[in-house]
Amino acid sequence: MPPSITSLTDHACLVVHGPDQPGLVSVIAALITRNKGNIISLDQHSSDPEDGGFFQRIVFHRQNLVTVMDDIRADLADTLGPYEMAWSLSDRSQPKRMAILASKDDHCLLDLLWRQRRGDLPVTIPMVISNHTDSVEDVRSFGVPFFHVPSQTGPDKSESEAEILRLLKGNVDFIVLARYMQIISSDFLEQVGVPVINIHHSFLPAFIGAAPYRKAKERGVKLVGATAHYVTENLDEGPIIEQDVVRVTHRDHVHDLKRLGAEVERSVLSRAVLWHAQDKVIRTGNTTIVF
Amino acid sequence: MPPSITSLTDHACLVVHGPDQPGLVSVIAALITRNKGNIISLDQHSSDPEDGGFFQRIVFHRQNLVTVMDDIRADLADTLGPYEMAWSLSDRSQPKRMAILASKDDHCLLDLLWRQRRGDLPVTIPMVISNHTDSVEDVRSFGVPFFHVPSQTGPDKSESEAEILRLLKGNVDFIVLARYMQIISSDFLEQVGVPVINIHHSFLPAFIGAAPYRKAKERGVKLVGATAHYVTENLDEGPIIEQDVVRVTHRDHVHDLKRLGAEVERSVLSRAVLWHAQDKVIRTGNTTIVF
Amino acid sequence: MPPSITSLTDHACLVVHGPDQPGLVSVIAALITRNKGNIISLDQHSSDPEDGGFFQRIVFHRQNLVTVMDDIRADLADTLGPYEMAWSLSDRSQPKRMAILASKDDHCLLDLLWRQRRGDLPVTIPMVISNHTDSVEDVRSFGVPFFHVPSQTGPDKSESEAEILRLLKGNVDFIVLARYMQIISSDFLEQVGVPVINIHHSFLPAFIGAAPYRKAKERGVKLVGATAHYVTENLDEGPIIEQDVVRVTHRDHVHDLKRLGAEVERSVLSRAVLWHAQDKVIRTGNTTIVF
Amino acid sequence: MPPSITSLTDHACLVVHGPDQPGLVSVIAALITRNKGNIISLDQHSSDPEDGGFFQRIVFHRQNLVTVMDDIRADLADTLGPYEMAWSLSDRSQPKRMAILASKDDHCLLDLLWRQRRGDLPVTIPMVISNHTDSVEDVRSFGVPFFHVPSQTGPDKSESEAEILRLLKGNVDFIVLARYMQIISSDFLEQVGVPVINIHHSFLPAFIGAAPYRKAKERGVKLVGATAHYVTENLDEGPIIEQDVVRVTHRDHVHDLKRLGAEVERSVLSRAVLWHAQDKVIRTGNTTIVF
């Protein structure tokens, strides 16, 4: 039987990256073999034949995986230590815990909740946090806790951010900003300690900042798009995970662009979330490798 | 028999635009009827229900069209005068004359020559002008005159532009910059007196200016694109006619982006040229209506 | 202010089709003008310059539209009678009533409910009918009545169809089969008297019938698709309204194809529903004109 | 410097496939390491976690590759023998030799010739064979030999096929049917002994056989497509390498579908040729793995 997205008992995912060196593939494959793993899929990328970066993602099957995770981790530390590689090993039967931050617009939020319920996303959703209460009933009807943290008025958001941090701390593996219309401070990013994925409603780097659909209409573009990216200190400048576009015409007003774009936003965000949750995305500089 | 793209005897195309006013459609349709025309297709757009712009393109059939073009033009001038509408009437059996300006890269140039020879573009090509001689044999093998006008060194391009103007003057209805790597002066634009279409190798307004594929690689975008637009005084800022994109990945180096982008460039440019040649594009402000 | 999709007070939509005849556009435009309407948009298509079909959709603005609908209808009957044209006039402020029939799979059902609630579909949803009870709570949380009509076992579905007909009769303007997994009898179609739109989970005419994703996997196609069409007596053979595809690879198992295809299904169906609700779709033979 | 498509000195491509067995990745990686190769990219696919097929493509760098190809081949034979794997090792500095068979329609033919000249396809083109003479000058202007082999009238094509076979025998590594409008006999396929790639002008399995664009128009589809596939005994039934589609509307006549489809045909065919030439395509049953 083929593996499903969400229940992969005895499947591990190993991600390794760092400076490319001859023999790495062989060393890593041998490690998996001696730990009785069978490689199911392997993606490898070298950014340059000489002096480039090495990026690898391996999914392997190992009976009774849970009983040997620590042994394999110890072996990885010993074996990869001399190569100065970064690595992570995850048990694919353990879904990542994803918090969603949202505002009034609910299309991305509801889409993620529904895909998760359908079994199309290998995540649990311990909480939704919003600065509005519009979606409270919808969210709870999915059996997901909803927390309302109103935005502070004024530029200082430290108190509301602190409350959000208290809710998140220790409870989540990554955060999704599903059309969350508050700017995240660099202080927040530093303290939260987990990856944060945002959906921007334009084809970045076009139309950075506010009101991208209005700007798109004014510029007369023939396609509008959406971009999912990791959040960094610089607004709309983080590493891009996924993008897509949809065709528009002169007949479409700004509200049509919003409607058509909303469809792209939810598709793009859901793919980015799926790939992140499957450990398929590796950050390198300000870009990503997506296996 | 359905109409072909290139030989439409007794077919006229009427384009009308200006301030929207009640009854315009009726007035224009009545005019065509009393001139014994039969409307084949009609596209109409109002930019706003109140005080908006009116844009209309009508293709109509009229037996012995060529004998009555002047009468219809006179009727149009009389009838539309009070409404202060801009209009143009063209005989679809008369292909527009298109000059191509190119440099070393030949993918857009050859693609236009092929399509024209195949009968897929309703244009004649009286000349290709290039600041290089690389394509001279290819161009002449299509039976198209090739003129070499080397670029002047230094910022002053007035002499080479003057020579190009002498070649074009009176001989062409529009100009296509098929990856022509010289900046066109506003002086040239003013004097040339016909529309100029450019293909920019990015999804504008992303990556304006030089080396867009390199910038796209550095930003880590997941799609690269191309944009065909009318040339105005401001580089890469003119009204967009058509755009498209193609998916790229972390595996693609800058030269792959160029290769994949080249395919989009020639598609996008050929569609823009086709639509312009069919009088399907109306400029309004810095945007276009494409019927 | 631009028109929204759902509240178009004083906007009428006139659809006319029949044998093409010179002067039709003029006659119809004059009728609208004398009834004090102002044409907002006009789409016209002639299937052939000679002896073809004439298809036209006009949206016009008329103050106090509701008070003159009967007068305009009478004028249309008088004026178009001699031309033997079919026509319909609708008040765009009156949303169409759409019933949804569904089974266990809820992605198309929920997508339509969401879009309608968001104001992205100009319809009301008087009822959802299902042969399963899985979605009852979801549907009612949208404030939409849910009726459970279990499928009869055996080939004779006349009783369950009769019950569905009783529920629908007089209450709906069109019906959407949102992954409804029961075959509709030609008897039902005849009696229901309103258009029925179905979403088929393949790019028709490829993979007609059951289990299209399994067949697609076996055939090794590189794209899977979905098709929205009007239901006729012949299964999967009705006039196509909209289609789209998504790229798949050898890595995708049948369940991945289902997941990826589900996204296309809901997009395609929602576009077909939107266009039908806006009177943009005209059936002609076994095909459609979509303006 | 990044590798270009066509000149990859000291790069080898190893393709291995067969029944999946634990440790295979490790065994193969070790082999490359002990032969002093450095893995540049690695793609691996297992069709099923248990008892599935194993498919792997590795590109590795080895200084002075040409001097050790025989040694590596011997090592591969020894090492992989016990595993009963099929494998092939190619020197990426040696472009494959591609023959093109064409008829009157030249869009796919010219596109391949031009991409090869541009350096976008890692192939040489020793000959073009056509049953017509229309393209002789175009082909020879690329410096490529052109052979005219008229089709025999009547169903028996054995003589013309025999002549084609004499031309091809020993001179080519694969064959492309670039809109070649003659049916290939199974006898021919057997004798020619190299892969044959065809471009079919529809989205298979829709519209198998002749006149697909006419059938598409009649069925009223909203997208038309093209399919590149390996040729097998059964017409239009071979393993699919690549497919794509383009949107069409009710306005498009059959000749527009042909024009729009022609663009998709040449894109799809060129991608299939590129991937085949790069050893990225592995046939398995009647489907393909495309890395």
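Note that the chains are named A, B, C and D in the order they appear, and that numbering of residues resets to 1 at the start of each chain.
Rule of thumb we're sticking to: a contact is a pair of C-beta atoms (placed from the backbone, for glycine too) under 8 Å apart; a residue touches a chain by one contact, two chains touch by 3 or more.
A quick note: this is a predicted structure, and the numbers were derived from the prediction, not measured.
When you average the Cα atoms of each chain and compare centres, the chain farthest from subunit A turns out to be B. Here the CA centre of subunit A is 36 Å from the CA centre of subunit D. Work out the mean CA point of subunit A and of subunit B, and you get 42 Å between them. Shared interface positions of subunit C, i.e. residues touching 2 or more other chains, are given as 2-3, 41, 45, 251. Chain contact topology: the protein chains form a complete graph, every chain touching every other one.
Residues of subunit A that touch subunit C in their complex: 2-5, 41, 107, 110, 114, 118, 120, 137-138, 141, 251, 253-256, 259, 263, 267. Listing the residues of subunit D that touch subunit A in their complex gives 2-3, 11, 20, 22-26, 29-30, 32-33, 36, 38-46, 48-49, 61.
Of all the residues in subunit C, the ones that touch subunit D in their complex are 45, 47, 203-207, 218-223, 225, 239-245, 249-251, 286-290.
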